[in-house]
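Each chain gets a letter, A, B, C and D, in the order it is written, and its residues are counted from 1.
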Amino acid sequence: MTGITTTGTACELGEHGYITDKARYLARLRRIEGQARGIQRMVDEEQYCIEILTQIAALTGALQNVAVGLLEDHLRHCVTDAALSGGDVAEDKIREASQAIGRLIR
Amino acid sequence: MTGITTTGTACELGEHGYITDKARYLARLRRIEGQARGIQRMVDEEQYCIEILTQIAALTGALQNVAVGLLEDHLRHCVTDAALSGGDVAEDKIREASQAIGRLIR
Amino acid sequence: MTGITTTGTACELGEHGYITDKARYLARLRRIEGQARGIQRMVDEEQYCIEILTQIAALTGALQNVAVGLLEDHLRHCVTDAALSGGDVAEDKIREASQAIGRLIR
Amino acid sequence: MTGITTTGTACELGEHGYITDKARYLARLRRIEGQARGIQRMVDEEQYCIEILTQIAALTGALQNVAVGLLEDHLRHCVTDAALSGGDVAEDKIREASQAIGRLIR
């Protein structure tokens, strides 16, 4: 946060890309938590399976949208900072981001 | 197949396939709600983006597992009942299940 | 292929659901093969990565559509036949279909 | 960072990240084309639906692996070059990459 830091350490210091939109992300995640609670209620009330599946698909979609947003912010801040540092720092961040993308795609 | 059946109505009467496992589904969904809350906390505490993405991938995976379970129960009960009724009821249930599968796959 | 078989053996006898639409499936799969060849050409001509990724997403989508179609035909014929047979045959087909769905969703 | 760079144009000039691995990507894509042809043959020979679905899932997985590889190369070269250029060029590349990621995730 202060000082003589070099090499893309913004990420390690908590200045993640998503912080500027933190309130908006929290609102979206609260909505997602509400969707998860809604699905529980549907099962508890023994609602029709297909409607529960529709809500699960909607919740999965909402999560994927948040993930893509976080990834974009991550590229914009942490990965970009690392690219400016160059060398191993850059390479590590790119590999790490790619693995995260892989976990979301597969 | 015989008798007084009013065509696959088990589903319409709330005797969905997942009901036998209702307690187990509710426990899994409570855990999923907890995961959603955990992700909110990670954002609020400004944790590292990649770790948040890992948790989102885990939550998505847990949701997909619940969806596959519900689908299997749905095939075992509602779609099977409809198949025994035959005709349009069977066809409608199969089309409906396929559309639900499509929403989860794409 | 002939004879005294009973119980949902249509599937084992090659009368799969998709057979009625065989020509249409083959046409779609030929198009998919063409898309795969197109992506090779794009890499060979060193076209822009993002455009290649767009084509991969399109190809994946086309494959998922074929998969959902095959699944629907499978439910309509093999699983329905098994449901009419009842017992273990039905249960096995439902479990098998659910596992296939799981492989496509995850 | 220095010099006569005309802003991240490596990408526009065909020096895409994947070029160093071009032969390997082409080999993987040829294998993918072969898988697509194999699925056609399975349909033509009227093989069992579930086995066809298994092959479709395998082909989709192979395509996703290629996509993640290309994305990683794209981040390593085009997006990194753009980050070094800074400004709108960087922002455009990041947005474009994120949209491509979104198309692959959803």
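As a working rule, contacts are C-beta pairs under 8 Å (C-beta built on N, C-alpha and C of every residue); 3 or more make two chains touch, one makes a residue touch a chain.
From a predicted model like this one, the values you see are computed outputs, not experimental measurements.
Trainee: Which chain lies the greatest distance away from chain B when centres are computed from Cα atoms alone?
Mentor: Taking each chain's C-alpha mean as its centre, the farthest from chain B is D.
Trainee: Rounded to the nearest whole Å, what is the centre-to-centre distance of chain A and chain C, using the mean of the C-alpha atoms as each centre?
Mentor: Roughly 32 Å separates the two chain centres.
Trainee: Mind checking the centre-to-centre distance between chain C and chain D? Centres are C-alpha means, answer in whole Å.
Mentor: So the centroids are 24 Å from each other.
Trainee: What whole-number Å value describes the gap between the mean CA coordinates of chain B and chain C?
Mentor: The computed centroid separation for chain B versus chain C comes out at 21 Å.
Trainee: So which stretches of chain A touch two or more other chains?
Mentor: In chain A, the residues touching two or more other chains are 64, 67, 71, 97, 104, 106.
Trainee: Between the chains shown, work out who touches whom and classify the graph as line, ring, star, complete or other.
Mentor: The chain contacts form a single closed ring, each chain touching exactly two others.
Trainee: Run through the chains and report each pair that touches.
Mentor: A-B, A-D, B-C, C-D
Trainee: Which chain A residues qualify as touching chain B in the complex?
Mentor: Per the stated touch rule, the residues are 11-12, 14, 16-19, 22, 25-26, 29-30, 32-33, 36-37, 39-40, 43-44, 46, 48-50, 52-54, 56-57, 59-60, 63-64, 66-67, 70-71, 73-74, 78, 96-97, 100, 103-104.
Trainee: Quick one: in the complex, what on chain D touches chain A?
Mentor: 1, 61, 64, 67-68, 71-72, 75-76, 79-80, 83-84, 90-91, 94-95, 97-98, 101-102, 104-106
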